[in-house]
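There are two complexes below, and they share chain A, which is joined by chain B in the first and by chain C in the second.
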Partner chain A sequence: MKKSLKKAARLLAAVLALCLTLTGCSRGLSIFSNYRRLEMVELVRTITVDGAEDGVNVAIYGTAGEKQEARMYQRTGPSIGVAMNELSLLPLGREAVLSHTEELLIGEDVARERLDEVLDYVERFSETRLDIGLLVVRDSAAWELVSGLAGEETPASDVLAGLSRSIDRVGQGYIFSCREIVTSLAQNGVALIQCVRGVQEEKLFENRGDLNLAPAGFAVARPDAIVDFLTEEETLGTMLLLGKYRSKNVDIPVDGAVLTLSVDSVKPEIKPVFSRDGALERVEIRLTLGANVVCMAGLTDLRQAETRHRAEDGLSQRFGDALTAAVKRGQAMGIDFLDLYGILSRREPLRMEDAVGKNWDTLFPGLPVEIAVESTLSRTYDIIDPPEISGREEGDPWEKLTGSLKDN
Partner chain B sequence: MGKTDGITERQLTVLIFVSLLSPMIRVLPTAAVMLGGRASWLSPLPALAAGAALTGLYTLLLKNAPAGMGLQEAAEQGLGPVGGRVFGVLTALWLGLYGGFLARSAAERLLSTVYPNGNPPIFVIVLLAAAALTAAGLTKSLARTAEVLMPLLLAIVAVVLLSAAPEVSSANLLPVTYRDWRDILYGAVPIFNVAAAFGYFLFLRGRVVRDGEQRPNRFPWLILLLAVAFGVTFFTLGTLGTNLSITMENAFFMVIRNIRVFGVIERAEAVVVAVWIVTDFIFLSSVLMIAAEIWKTVAGVKRRTFFVLPCAALSGAAAFLIAPDAFALLKWSEFLIPAINLAFTVILIPLALAVGKIRKKY
Partner chain C sequence: MLRGKAKAPAPPETTSNAPVTVAALEAVFEGCYDFESRDVHIGGDIRRKARLCFIDGLVSGSDVAQQVIRPLTDPERFGAVTDTKAVISMLLGGSVYVYTAKSRETLGELAGDLLNGFCALLFDAERTAVTFEVKSPQRRSVEAPREEKVVKGAKDAFVETLKINTTLVRRKLRNTHLKIREFHLGRRADTSAALIYIDGFTNPSIVAEAERRLAGIKTEGALTSAVIEENIVDNPRSPFPQLISTERSDKFCMNLLEGRVGILVDGLPLGFLAPGTFSQFMKVPEDHAGHFLVASCLTLLRYFSVALTLLAPAFYVAVAMYHQEMIPTRLMQSMIEAKQQVPFPTAVEVIMMLLAFELLQEAGIRLPSPIGETVSIIGALIVGQSAVEASVVSPVVVVVIALAGIAGYTMPNQDMGSALRLCRFLLVAASIALGMFGVALGCAVLLYHLSSLESFGVPYMTPFAGGQGRHLSRALLRHSMTEKRDREPELKTEDGGEAKL
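Entry: the complex of A and B
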């Protein structure tokens, strides 16, 4: 018994001694070579990369200290790797931690010339995640935009996170992550990247920056660089087909009134149509929309089916135009950024393989695409119609009812 | 040692399962996707059929072998003392070299994912030293360790894979049609190659203490192992797509870098690295133990402890010599190592057993 107790005591002492090596103490027994004191860590949330005279300018935006003050550090280098390396020498011996970076913003010049380098860095560097949202900044340098967004108490990352949460709810875009972009580039040779621009607006809050953030459509990227930008309408059409659309409010004029409709449900159906000899004849795209009335300016009777149909037709026209614009733009560019080939191949794999083979790039620009949109107005929420239209009518309701029964 | 170092059939099977998790997670999905493309997520199915056939073959060949007879003893009976010993020396030498490859691969994986500026030798030395110490110890200690860790490892793999589910896109997995059958079969080769390594563990059969009429039933464990293979391939391919998966050395790790567990915890790769290290350690320990066990039988001595150190030294030398850098390691792992592995587990070992069976030695 005594022997086993002694053995247990020795074992316990050994385990406790080993525990000393797990402490964060910098010197002595610690097995950690990469310990970090919390107050010396700069937790980076946003990175910007812009073109510079002799390479690139990289800026990191982080928060540090008890008050989580927003800070920005900038370095220029011949390549992203070198500039990032220089950023590891932060003032006061702080150390930048990139593990939790949320957004990466690149200037238009970098997007046109060094996109592959940016993506390669994010992919290869073990500290960064691939799920970082990538944005292209138009009309200004990325660092200028981010600096303009930030206020004394509002880190730019908070503004960007807000955009990330809400951009697809207003139908103005979708922030693709680096993973989605590199996957699409590797798989299809094309990817879409969300663009933003800074808008000078009246400063509403003292603690906010001078600039506001505005979505600026999608950029179309090839593996090494972006090649073109889509308009707002083309971006909406692209979102509808790619399933990246969540909702959008649109104004539809009906009978002199203006209905604001919230389009919350979008179901695209894309199918190939083959000729008798098995050739791909055309592509049919059918979009089914579901909308609700958000508000109305003026008067119109929505209890009348014809009125509703007119509103639905107006909505179909609006979204159909967006869809057509996106498809036409893709065909004009000769770039299938809508991944129509992938969608059609998943629907009819064997027939598509037989009909198209490896000739999609040649076929796609001239391929007839038929677009049909069908909308349904589901509800008007608590207000059915203004009282001027659906209000109580004159006369006795009972007599009216029995009278109408007699007439029938 | 023999009587006090007995393990049950279940413990041996769990040891095989935990050990093979290591190469399964290392090789997949890149090797399978490289050969099978988009359809490779279905490759675990033919690999299961082939694995079941090989399991059945081994069971059939060892059906009448008496309890306590290891594979080396069976080979020596079947091939004769000289032939059996030559077979044993060849296998033990190969396992020594294979151990070096495993240690070097484990080190490289840590360097490319967690310690970018580290040096391979320190990882190789620590791993080999720990494995050699374990291999010199009792078989039942190693088997018990595997048994205790197995539920934890499975739970981690399951949570990680489920957390990766939201990122999976059908566009990366489909279409797959009957025309892809060749790709599915090609993709099954590396998966089967890993599963077939269970043949080495039959050299430890001599340590198994039979409890009554207990018969080995490894099929459910094979299904579990290939379910892990399916999960790793499906979720990685579904997240990264074919072309990106094959450009990465550790595509599965890239998926893990992005996951958020229950939407709360991010950067959970440390837990997965723990799975790697534990399974690498158990597999390497097993390989050294098997090699030493073979040497012990060949030399006709009672204790294998003496042979562990030379085996570890051979592994260490192999680890440093075969791959001075990651490019050389990649070349070895692309064809030669898998081919030799397959030659041993699918041809040489069954052939040695078949000769004994034909000669009615057991």
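Entry: the complex of A and C
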């Protein structure tokens, strides 16, 4: 064969070999096994795991496009892996894609018995993201709750995503991601998980189902299972200390009126106090709150310092109680879910090591904890205390208003 | 004109040292129908003849008649002069009204003059010819640039005539150090070219290298720009342009002032500048006309456009086929929705659209301008929209390809735009095969190739690679004219690279 022909043949072979790699249209020859046809994908956004007689019941909620009907697929298997494997190939050859999953809801029974299996699956499976929010469903099966959220035209996953975001936003709770939970379990041996329950409510929107999602406090989890549930007040105290608290409106009664305050700034400061011989004497927790007056029902003179102080004290009392309840619950359980040891160790690493060593678990339940809460109220100006306007009538407007009200 | 059986005429031996005779000259130009020769009676005396030769069309007929024939046949001027040598002496001394007169004694020189718009008077007995420059004025006048639009700047673009182009440069750089060296390119076409640089400023090694490469060009004729570019660049196989080509004389002069050498070729309305570096292809003369902040933002936008035009289709293919987790959920839902009715896989869709885009562009360029624009509009609007409505392609693909195409149009240099288009196809192929890994691999290969390129000894990717990092801002931004600024250090200008204010 002539040299030029050989060269041409080699080139042709190289081009043909290259063409083999252009296998986007056929999975069989693809170099890269991750290939999926976009039009055959079922986008899963919510997964629920509930207990079943012979293992677990896994349900996935997916859509095959924006305008397509949302579908729920359910399988039961001896383990989550097996059930998910059966769900991977859906009817009509559709393929479930888990990479867009936003929430994973588990029933209380699964949380108590198979939490480690759930977290392990999320961690190991290459497709699931670690920032999936994990929720424990109380008082009902997880799939029932999710299905009950869906409206006629709105997929359950959409409603769930909106509702779970609102839990964070209005300061009713905090949805920890699988990553946060696993990290906390690995570092502290304990983690918190947001609980929810379905409540029957009058439909707020037409596109909603019969159920609404209500936060139900935090669950305290050990690596293998849920240990206990916190009350609403304990949950609030926990969120305040962990820095997960979002702005929430709180009603504080002052002098016969009710002030609605928006707590916008929460700064916890936790420090250890050591005795002269270096032993850990107590823990001081100082919480600094900054709140704005949102509105006022009834009449009280916020221009008076005493009135403001009473309002600030009321707020401090409210949040101090929540904080105390959370600390006491942790001490009673003997579980440091507030991660006080971690916070104190980061602040005073050497002295904490000398004073506590590996005895934190025995020290913690009986450790004195002093809690102090300081609140500052702002936006206390009054609608009847207008700025200087030329030509206005002389006299105290407050006195005039209250006087006229009394007269009436 | 040749009649009968077509036979390729032998090219004139313009380098011949043969003595000048009428017969020899006519033999050289045998078969050239535009070659004209006639006898002229010196001083009106029919006994004394000279042979007037010229190439019809290259010379101005009226100039020949008025400035050469008329004074030559004037009995009062030449009637008393009987000695031919004296006639030649008078002709060279200014007895005819032509400012350039040369005495030629070899056939090569004579033919060269004739081909360059001279007419010649041949004196057989003396074996001598006197040539006069009487070039035809039929040439395109200087106009505004057509390809490189000007908003705030000089509107005198290069034309096809070398002399006019050198004049445009000389008018902008009135400096005795501006040197214009003449070269002749093409074994058969003998095209004039000029190497232009600023003596005592431009790096002498770049000048010497340019001279060497120009002298080394072996071609039949330098009639297209590719002849120059491919013969003198360091790596002619690379699709990336390594010579800056421009039709704008202001851009040409600005680069001469930066320390580059310029090349002008007769017959090409373009100027070439060397060395050409990647960052130079991202700049337009308008950058120096507008405010420096705006110019800097636009330069950064052009770099962003490079990334967009190169990577957008490949990135789309990779995420749509292999890495769906990278797509935001809402977008993914609408993409799935749009893809439901499309019968082709993503890879086919994208390649099909890229090809359609190239077809439309090619059709738009080749057709006359009004029709070309119509084709583009029909293609972009009607075909694109119809294709989406007919579910042949999904709308996202149209958006991605259109974005990549529009980003490509922001390239100031057409050659750079074409190179990027070619690389776009290769990156799409790599992403079809290997997804995001293929894109990364393709980018690595591309960067390796670009980093290994050199133009006249200057790294192509300077100052990003192979240059001095501290000059990075010079490539990405346009500094204020009031600031002290450095030239490209890689050009090694003889003033040390510091621009004096």
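Structure notes:
One rule holds in what follows: the second predicted complex is superposed on the first by the 340 of 408 C-alpha atoms of A that agree within 3 Å, B and C clash if a C-alpha of one lies under 4 Å from a C-alpha of the other, contacts with A are read in each partner's own complex, and residues count from 1 in each chain.
Assume a residue touches a chain if its C-beta (ideal position, glycine included) is under 8 Å from a C-beta of that chain, and two chains touch if they have at least 3 such contacts.
Quick caveat: nothing in here was measured; it's all calculated off a predicted structure.
When both complexes are overlaid on chain A, the residue A:His100 reaches chain B and chain C alike. In the superposition on chain A, A:Asp336 contacts neither chain B nor chain C. Once chain A of one complex is fitted onto chain A of the other, the partner contacts of A:Arg129 extend to both chain B and chain C.
By the document's definition of touching, neither partner reaches A:Glu233: not chain B, not chain C.
Legend: residue contacts after superposition of the two complexes on their common chain; A:Glu312 is shown touching neither chain B nor chain C. Legend: residue contacts after superposition of the two complexes on their common chain; A:Arg45 is shown touching chain C, with no touch to chain B.
In the superposed model, more residues of chain A are touched by C than by the other of chain B and chain C.
When both complexes are overlaid on chain A, the residue A:Asp168 reaches neither chain B nor chain C. Overlap of the chain B and chain C interfaces on chain A comprises residues 99-100, 129. The touching residues of chain B, when paired with chain A in their complex, are 112-114, 116, 167, 170-172, 174-177, 179, 239-244, 247, 254, 257-258, 266-267.
Chain A meets chain B in the complex at residues 99-100, 123, 126, 129-131, 179, 182-183, 186-187, 339, 342, 345-346, 349-350, 353.
By the touch rule above, chain C contacts chain A in their complex via residues 317, 320-325, 329-330, 332-340, 342, 345-348, 429, 432-435, 437. Contacts from chain A toward chain C in the complex involve residues 18, 21-25, 31-32, 34-39, 41, 43, 45, 63-68, 97, 99-100, 102, 127, 129.
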